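So, here come the structures, one by one.
In what comes next, subunit A is part of two complexes: it sits with subunit B in the first one and with subunit C in the second one.
The block that comes next holds the complex of A and B.
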């Protein structure tokens, strides 16, 4: 009986001209979004690759100079998009794309693509993820709100029940038919997206399918829970109008209000530091030391004494290496402790905020889904942090090699020492290995759990509404 | 007028109305508080920048009272070019959380691409946007209006009471228009009041005028949505169908059209790559550096009046000549960038009436002072200021002229000049006129659908 009802629902849905129009619109949006995103991602990839090549040339051909001066000349490295950004661009437009690596400083990743766009982007960027998070649930609601309440209103529900059809068969059959209609709509879009993905050959491509599988599961659960809630509400309300009002309110709160409300409320209780204060404090700690007791000059004085003692010399010029290079190495080491402290605190705070927002998913499932989606797609802040961290590791290694060259190859006290192309070429090219799936999973698991909670609750709600199904609701 | 009063009475007799109004007031208040907080933060930042600049000026003045100064001691330190806080920040956060309002200008970094960010913001928050008054007005206000007014006669049609009413000879157009206005009035009034309040909280001298214009925008936007409700009721045969249509139209205008316009804009005028810009600037710099000696000699050939005694350039003068060359090389690249971004905005301006939500959003951010054009004016003035810094200090460097007390009043200082009121007012009024025209078009369409014949069909 369940299957008969499901089949009837399915046929009814596709016979409904409004659903067909809506479905077509959503399908076109999904496909257009996927194609455009791929085009954009590919263009950005190509631009960054050519910029990286030019930067390498700039670096190698910078001419002869002191190796520490080359550290000041520095190098830019560029961030590559995740292959799944085709599906969900996540925060990528709002984090930087390039970071300047130089001696003495850890710079922020700069150049946010959103800064080079109009305010239209703030309405939300067309992506397959956005369509699935916002538009498909609406379509589900519009399809489902009258499924049972409409029949109750027109009196057909009383007839069907009087024929002895079990209430659970009606409710579950309706829900299944509805899901089948939506699945039939999403199948071609999923096929096209999968085709786009299969052509994506970038870093991390091997794990793309694991990530895509989890994305499919998360979105499947999200759409199902919307269908279950919609049918349950329709089964429990007096008429179609009430059912629609309740469902549209839930949708608007979940999809429109919650993202902004949650991020503002969370930001209120877990604020990020002000930019000016962050930079001043970091500079101050570089000068005065993290604990504020030992200023850098004092620390370096002690370091000089210790070095002289170790080598049994009384003047730095007598040391068997270039002391300037030796001090640079130490001062980078001291500064890196300060950078790790400040950037670590800032990034931890941002991730804390993101986790808190995802936890607000308990009240609005879209927040949990969005967070899981960005994590699986590799476009959330946690993935960005891995890039920023890798770039910083590269900076330290690169500055260390330059300072070591100065220390061991420049004669003690030689201020005119220069290195050349041979050294520049020896410095490694920046390669970023995107984190493995396990990393994405550790970021997404809380959100997946919240989503699972919603899923289970919505199925229970559906079953509960079946047990209480009445021909008339007071 | 009597039936208007009756409609209002009926409206307020419904408990659901009160619930709706309470929730709407709560969202308005939260939006206002949030916007005001963002404004206060911007003000704090601006004050810190001004304090810093003041302190530096005081130090320079003190030294100059006693002795002359080498220009490199002054010109090397960055001057903060500051975009003053928005005139009515409580109205809309707009782009102010994304685009920097301070730029450090120093003689040595005139050609470095500016990479500023507005704040240390969580990128997810930038992505989600703020819950400010503009969000409540552009996104939620139409939802509340539609919730109050989606069923103007569709429910009566469903229950059959519409035919009875028509049989009594009532004019459906007048009656439905009155009903739409009556149901919309409380929500409209609250939205307008909140907007005026935001205007009155602004610190700029023209904040009141901006608030009043914003209220006009909100009124026009509200009328548009009431007209949409009337059109829906000309078609819908049941309350549920009307609600469904209202929801769908809202999604199309507020969610789908703006994201599609963004796609069109970015496909028509894709912003050139920042990554390539950065790498090209460095290539130009390293090329110029290699030719440093040649550049400075040719500079002194062209400007003998600036040549130091004996034509012996020091490192600083050479660096300046290199920087000038980089500037010349990068000029076309920078222009291409700027043109693409301007072209994007022009497409938005041209197509903003594809959805009144876009037109309203543009007008509100413009009036708040957190929109595109004010920031563009800032960027242009910063570029001009860089020119002024170069023009003032560069000859002094080359000629090695010390700075004296008499030079103090001539130091380049950045002072942002707001766009003339007539310019932004014209843009806003065009927006209002466009939204009203759309409302009128919907109203006329509704009137043709709401004839007694069509309604009883």
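The block that comes next holds the complex of A and C.
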């Protein structure tokens, strides 16, 4: 019985010219979004590869110079896009793709693609994820608002109920038919996205497919909950117009109002410092020390006394190594404590904000889905933080090697010491290993839980609407 | 086959149906007459289980509608004033769908046969019903009653708005169904059809069945006169 109704709904939907036009538009948008994202990711990857090669060449061929000065010369390292960025670009356009690594400073990731864009970019970036989050629910609503309310108005519901069909078979059959129609619409887009992903996956493909599987499950749950809610509302309202009004209001709140409102409320209650304030504060702490009492100069004075004492010397020139290199190493260590403190606080706050927005998904499922989607795609802030952290660790290692070279290879008091290509080549090339799926899961699990809550509630709502289904609403 | 036992329905303070006692036997056509708001459609809705009675009971072939509405409906066919069909499906596709919902899966040629029996030719049956007249829709409704093998047929103003030829054809089909043992309860304003088709006629006024007449009674007297006399009493 349920399958008979589902089959009829499926055929009816595809015979409806409005659905075919809507479906075609959504399909084209999904495919175009996927292809555009792939093109952007490929172009960015090619640019990054060529820039990284150029950086390495410039570094190796910089000529002879003091190894600490080479630390100031610095290098850029570049962020690889996640293969799933073809589906969901997440925060990537807004967090930057390159970090300049230099002595004494932990720089923020720079070169945001959004900075190069026109003002139109502010209206959002088209991605397959966005189309699925916003447009597919709209299509589901347009298909489902009259599923039962329309039949009540036209009289076919009386006809169907008079045949002894149970209300639960009607609502479940309608929901199933609706989902089958949407699945048939999404199948070609999913196949194209899978093909794009297969091309982009490369090594570590099984990890990527695991993430893709979870993405499919999350979006499947989202579309299903929209279908269930739509059919439940259609079953509970007197006419199709009321059903459409309720469902469009829900869609607008979920897809337009809630993301903006949640973002504003969360940023208001969990504020982050402005960039200039952050930099100033951090540089102040580098100079004054974190507690404000034990300044950098005092700490270095104490460090000099301690070093001389340890080696039983009275002058730094008598030490068995270059004291300037030794100080640079200590200076980096002290600065690192300050950087860890400030960046840790900032990043923790941004992640707190992200989690709070995801929890607002309790009121609007799109927020939970968006958060889970970015986490599974590897394009959320937590993944970005892992890259920024890896780049900083690379910077510290790179500066440590340069300072150690100065400390152990330059004669005490020798200010003219220079190192050359042999040292530059010894410094490792930056390589970033993206975090495993378990990391993505730990970031996504709260959102998945919220989404599951919505899913369960929508199914319960559907069942409840079946128990109240009447041919005539009093 | 169709039984109403002290069937009563109130809408807030208004009594829509007041202790209706009625029995329609297999093969019998019973016409329920009455002015608007007399309780005719309420009676149909109570037999369909779309409304719950405040007291009394409706039964279809021995099955209590209130106790098991789904089982009771399985024994019924229902033809409203305007048979509602899915406009993006053809006549035969509509019949196939409704027939499956009624628990009867039939081959396509059988469905065409049933539609032809109901007076709808194959060419028309293959067309989408968006273009169907009211009479053609009623034929699909009759074919559905044939397809599901219903033991009882509930009709709510079935000939309202039909032209005389279509009304006559509909009447012919109704008699044929009754001839096959189907109990027919027809709520109508059409006094002519009631006198021509029904074995018994009942008059509902203010939710009460105020009179019942056999076919012989109404053939001997002018039904319109009886009707007007009863509703103004």
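Heads up, the rule we're going with is that the second predicted complex is superposed on the first by the 468 of 474 C-alpha atoms of A that agree within 3 Å, B and C clash if a C-alpha of one lies under 4 Å from a C-alpha of the other, contacts with A are read in each partner's own complex, and residues count from 1 in each chain.
Definition applied: a contact is a pair of C-beta atoms (placed from the backbone, for glycine too) under 8 Å apart; a residue touches a chain by one contact, two chains touch by 3 or more.
These numbers were taken from a predicted model, which means no experiment stands behind them.
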Combined model on subunit A where subunit B meets subunit C, clash or fit: fit
Partner chain in contact with A:154 - subunit B first, subunit C second, else both or neither: second
Subunit B versus subunit C as contact partner of A:140, first or second or both or neither: neither
First (subunit B), second (subunit C), both or neither touched by A:163: second
Which of subunit B and subunit C A:44 touches, first, second, both or neither: first
After the two structures are overlaid on chain A, angle v-u-w for subunit B, subunit A, subunit C in degrees (C-alpha centres, nearest 10): 90
Superposition-derived comparison: subunit B or subunit C, residues of subunit A touched: B
First, second, both or neither for A:256, with subunit B first and subunit C second: first
Which of subunit B and subunit C A:8 touches, first, second, both or neither: second
Which of subunit B and subunit C A:16 touches, first, second, both or neither: second
Least C-alpha distance (whole Å) that remains between subunit C and subunit B when both complexes are overlaid: 15
In the complex with subunit C, residue positions of subunit A that touch it: 1, 4-5, 8, 11-12, 15-16, 154-156, 158-166, 470-472
Of all residues in subunit C, those that touch subunit A in their complex: 45, 48, 50, 69-74, 76-78, 80, 82-86, 88-89, 97-98, 100-103, 148, 154
Of all residues in subunit B, those that touch subunit A in their complex: 27, 30, 34, 41, 45, 48, 94-95, 98-99, 115, 117-131, 135, 139-140, 143, 147, 155, 238-240, 243-244, 247-248, 251, 254-256, 258-263, 265-267, 270-271, 273-276, 278-280, 282-283, 286, 289-290, 337, 341, 344-345, 348, 357-358, 361-362, 365, 371-372
Touching residues on subunit A, where the partner in the complex is subunit B: 18, 22, 25, 29, 32, 36, 40, 43-44, 47-48, 50-52, 54-55, 57-58, 61-63, 76, 78, 90-91, 93-95, 97-98, 108, 110-126, 130, 134-135, 138, 142, 145-146, 150, 239-241, 244-245, 248, 252, 256-257, 259-264, 267, 272-276, 278, 346, 350, 353-354, 357, 380-381, 384
